[in-house]
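So, here's a batch of structures to check.
The two complexes that follow have chain A in common; it is paired with chain B in the first and with chain C in the second.
Up next, the complex of A and B:
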């Protein structure tokens, strides 16, 4: 059988991708820069109208297609754009802190996506896994002379090991039943931390700061009168971690690992009939996901400098789950977009701070009713190079 | 340990079991007819307590001073208000999402819970602070044999038990209950047999929310304090109880509620040095039970295994 004749390659323009990226970054910069509440509300209205018009003119699908066709270029451009954006706020601690928090949530949600989006394992204990990482950083950092950079993989490892306690029930139960296992674990985790005095109780624990090669991350920089807030250190490291984790998750998704995980999620019975080892792949997804979430938690603790059980409640797990469902299950760019929205928006809307959770819940309700696949649904798997669905 | 203290533990255990069961039965009813987890149910319970308080204040202002009348009217108003809330929830939020992934529905109901919780906190006068709930029942004690039990506890237990028995009679003995069970078992077949599916779903949501109303009133009367966040933990416990018992089974939900209360009381009695760990203990046991019986203690679903 001969291969069909090659079609002339479609024009793979980066135009829409770059245009969209520029527009998004400019918009984000404006939202971050503006402080007056009426201006922010105005910006939100403009943004919503802009997205609506772009969707009507088919610009958004052109943007996504452009990203898909020129993946390497657009990935690099996106990283550069985020770095430029952060450089613009080099002396604003708050903005850099906010951006780094977004990055941490992206990392955690990518881990959750492995479990949830690919293997279909409900995990409502994301915050508990963040907490395991955070408490690892605090306890090991205090008691042993471990270089802080090593705490990151150690935190991930501890989360994977402690999370594996849940593996036997998770492998035996399905759907809502496994949801209750993780919900129970998260409640158990925070209650335990609150009542057990050894880990600081409700007061929490201080965490040492990050340092690398003699550079303490909690020092501001000053080069020729050019001041850089110390959160810039955390931001750069966070961005590096995000890029690494996103690359690993994407490689996993596109390899036979991702294929096996998809098979497990879509139909366990037929996957099993075709020789996919369900228990093995669920264990792989659950433990690697928890490793990534634990890593994010360790980094979060190192940046905050202080952790308490209230950082890791069931409500925080819900926020992580919300991010990946709103982004579109399994979609990496979806996680990035919604993490930015979910973390930044409530912080900027301080004037209506009292009402922000209410508004946020209402917005999510509307998205679920009218855009149930999430904001950026996961693209179909590309089985052959150059293949377009 | 003196019999008095044991009796106290027993009564408070019964009271907890009652409240948990009432909430868990709601979870299991919703799951039965619509295969969804209504995660806002805990917050519906909280709204019930606040509606009860408001109606009490309203009744006092309106000049109704007979305690028994106040109590009865309060319960009636609360049940009616929450049944309406349940019906509206089903009509506006849950039924339109039929066919969506189960996860989206779960998230939707969690968001509804947030909306209810935040609305009470923001719009109820000083809703962010705990509110005192009036003592409406006589607090004198009667002696049963050689132990003393407070009258109000007996009345509350009686109300709760009557409600649970009433619901199980309704489900198992009436035509409406037959229709609910039919829809729970097989929606398509139930429809072809002429059962009005939408109506049954709405009625079930009304019924389940009314149970949460009773639980809310009892909880307010028992603890004499209510606050806007009390629904979150109770929702999680009620959900755990329903799941542990086996979703879709009424007796499973009641069993789960009793089990959870017993676990908490055992946690408090057996480990007095660590009574703060009672929730940790209860949730740990739930995880172990789920490992042992992956579809709950009384399972109604045939499991699909390869």
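Up next, the complex of A and C:
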């Protein structure tokens, strides 16, 4: 609905934003807390009904509008809410590990979104790029006296550089053909690691733990009798990385850079006629996307403490692509929502663990059929909050 | 030239073959600076191929294009754009999922600052350029439709056909080109809408001063109304060139359009 022009520029209500955030966090806390399979199933049914009713009552659009109108406030509140949620699970290694895994997937998918969501370059080598980051952490971490925090940008850099091998064939092909190049790369990547003995082969490699300013991230800690599992360290750093990456990606989208990437995706021929250098912008999207994915992979390896080729298979790439398609191409909040669903659900609902690929295939098909924009479709570009041309 | 008019663009023996099909056949054409030039011809006569080879989408098989004193043969679309040539497409190629403003800014690409500093870090600079560009876009849209200028934040997909055409033309005009190539802008519009659009365009051209327009068009009424001179293509060859009156009087043109017994029909 279009707002009447005489509407005063009053502060828009945060009510729906805060309400939606609280509901989502409570629901997530319940899902994480409950263990019995029947209770999980019940929660899922309640969640689905709740979302359906909210959609019917137009609450979801009110929620999104409220987020958009009060962006800074809602950004901060969301971060605080996630921190409070994690604090509630301070002594549960498994839950903190799971939440951090979600964050890592969010970061990787934000990188993938730059490539596919904005520039339209479908990349099925996401897991390989995670792997490049992971192996950078393992190999550089064991050999040299590099501080672990520096491994993060180095892992990203290696992924960007190694990924750029794919650029010449990808620039010569389009659409599906270009995607096939990336599939081949991911298969070659895992096969190479398995066959080549130098990097641990199928056994994999140990990775040193993260440490910063003398604090080893793999130490549990205690404050006033409060037991905190060491994964909390990784969670906090992961959240910081997620916020930084999301802010950068959002600024890219809300700038001439994002507009150029959109132009490349939507119509290469007309973009070229307006002076857009297609190769340059594809390289920008692909390399910066791979940098972000590589960064996520490095962090993942530092947290896991051990990596093997099986962590970075083509199937893992499919999960990443599933997340961004389900969330809505180019939608940052969409990635955050679906990464949480896609990562947490199979862990809590053991029954679907085996069949998750089948399930994702069905869900993706249905979403593409009935809601092609994804669960939270990307909103039209606003260069600055509140700015209108 | 002794007449004092300056040639902006000339094609010399321009030829384009697609396999066995000769889409452009040794085309010689001179377009003068600041004129409104029409290109007409039956379907498949090579009009769009002329635009596509000129703007670097396909290379010429042989021959050359000289624009503003320099050789433009087989340049990339990017070089053509930077030389000051903008175009629209026969089948509308606006981005429906983007706002009107975003679409115009794609046309303005070469004048935007894409640096990391202004776009990601010191966004005050981006804001300043954004305001400046929004003002430019608004002024341009005002010439064509003041109401459209108020809807710059809306998606193009929600605009009616006539506005999409206006947007596409404005997207080509916003970079202040020296040469504008319009590929059948009347497709899918009523005659009244089309006349309105063309009047706006003529008015814009008059105010812009140094603007040359080449228009591909089927609608003879429009050619008569707006062009200074026109050329008729048939099977990739130029069969006639001159003012509208000269062209319609030409027997070969009448045959190309209406068949051999055309004279009686036109009379």
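Keep this in mind: the second predicted complex is superposed on the first by the 358 of 389 C-alpha atoms of A that agree within 3 Å, B and C clash if a C-alpha of one lies under 4 Å from a C-alpha of the other, contacts with A are read in each partner's own complex, and residues count from 1 in each chain.
Methods note: a contact is a pair of C-beta atoms (placed from the backbone, for glycine too) under 8 Å apart; a residue touches a chain by one contact, two chains touch by 3 or more.
Every value quoted in this text rests on a predicted model; they were computed, and no experiment measured them.
Q: Would you sort A:106 into first (chain B), second (chain C), both or neither based on which partner it touches?
A: neither
Q: Who does A:273 touch here: chain B (first), chain C (second), both, or neither?
A: After superposition on chain A, A:273 lies in contact with both partners, chain B and chain C.
Q: Answer with first, second, both or neither: which of chain B and chain C does A:114 touch in the superposed model?
A: After superposing on A, A:114 lies clear of both chain B and chain C.
Q: In the superposed arrangement, which partner chain does A:232 touch: chain B (first), chain C (second), both, or neither?
A: Neither partner.
Q: Can A:195 be said to touch chain B (first), chain C (second), both, or neither?
A: first
Q: After superposition on the shared chain, which partner residues are touched by A:32: those of chain B (first), chain C (second), both, or neither?
A: neither
Q: More residues of chain A are touched by which chain, chain B or chain C?
A: With both complexes superposed on chain A, more residues of chain A are touched by B.
Q: Figure out whether A:252 sits in contact with chain B (first) or chain C (second), or with both, or with neither.
A: Only chain C; A:252 stays clear of chain B.
Q: Between chain B (first) and chain C (second), which does A:177 come into contact with in this model arrangement: first, second, both, or neither?
A: First partner only, chain B.
Q: Both chain B and chain C touch chain A; at which residues?
A: Residues 269, 272-273 of chain A touch both chain B and chain C.
Q: Inside the complex, what are the residues of chain B that reach chain A?
A: Residues of chain B touching chain A: 31, 37, 93, 96-97, 100-104, 106-108, 110-112, 114-115, 118-119, 122, 232-233, 236, 239-240, 243-244, 247, 274, 276-277, 279-280, 283-284, 286-288, 290-291, 294-296, 304, 306.
Q: Considering the complex alone, what residue numbers of chain A touch chain B?
A: 122, 166, 168-169, 172-177, 179-181, 183-185, 187-188, 191-192, 194-195, 268-269, 272-273, 314-315, 318, 321-322, 325, 329, 354-355, 357-358, 360-362, 364-365, 368-369, 372
Q: For a test of understanding, state which residues of chain A touch chain C in their complex under the given definition.
A: The touching residues are 248, 251-252, 255-257, 259-260, 262-263, 266-267, 269-277, 380-381, 383-384, 387-389.
Q: Which of the residues in chain C end up touching chain A in this complex?
A: 55-57, 76-78, 80-82, 86-87, 89, 93, 95, 97-102, 105-110, 112-114, 119-120, 123, 126-127, 130, 134, 137-138, 152-153, 155, 171, 175
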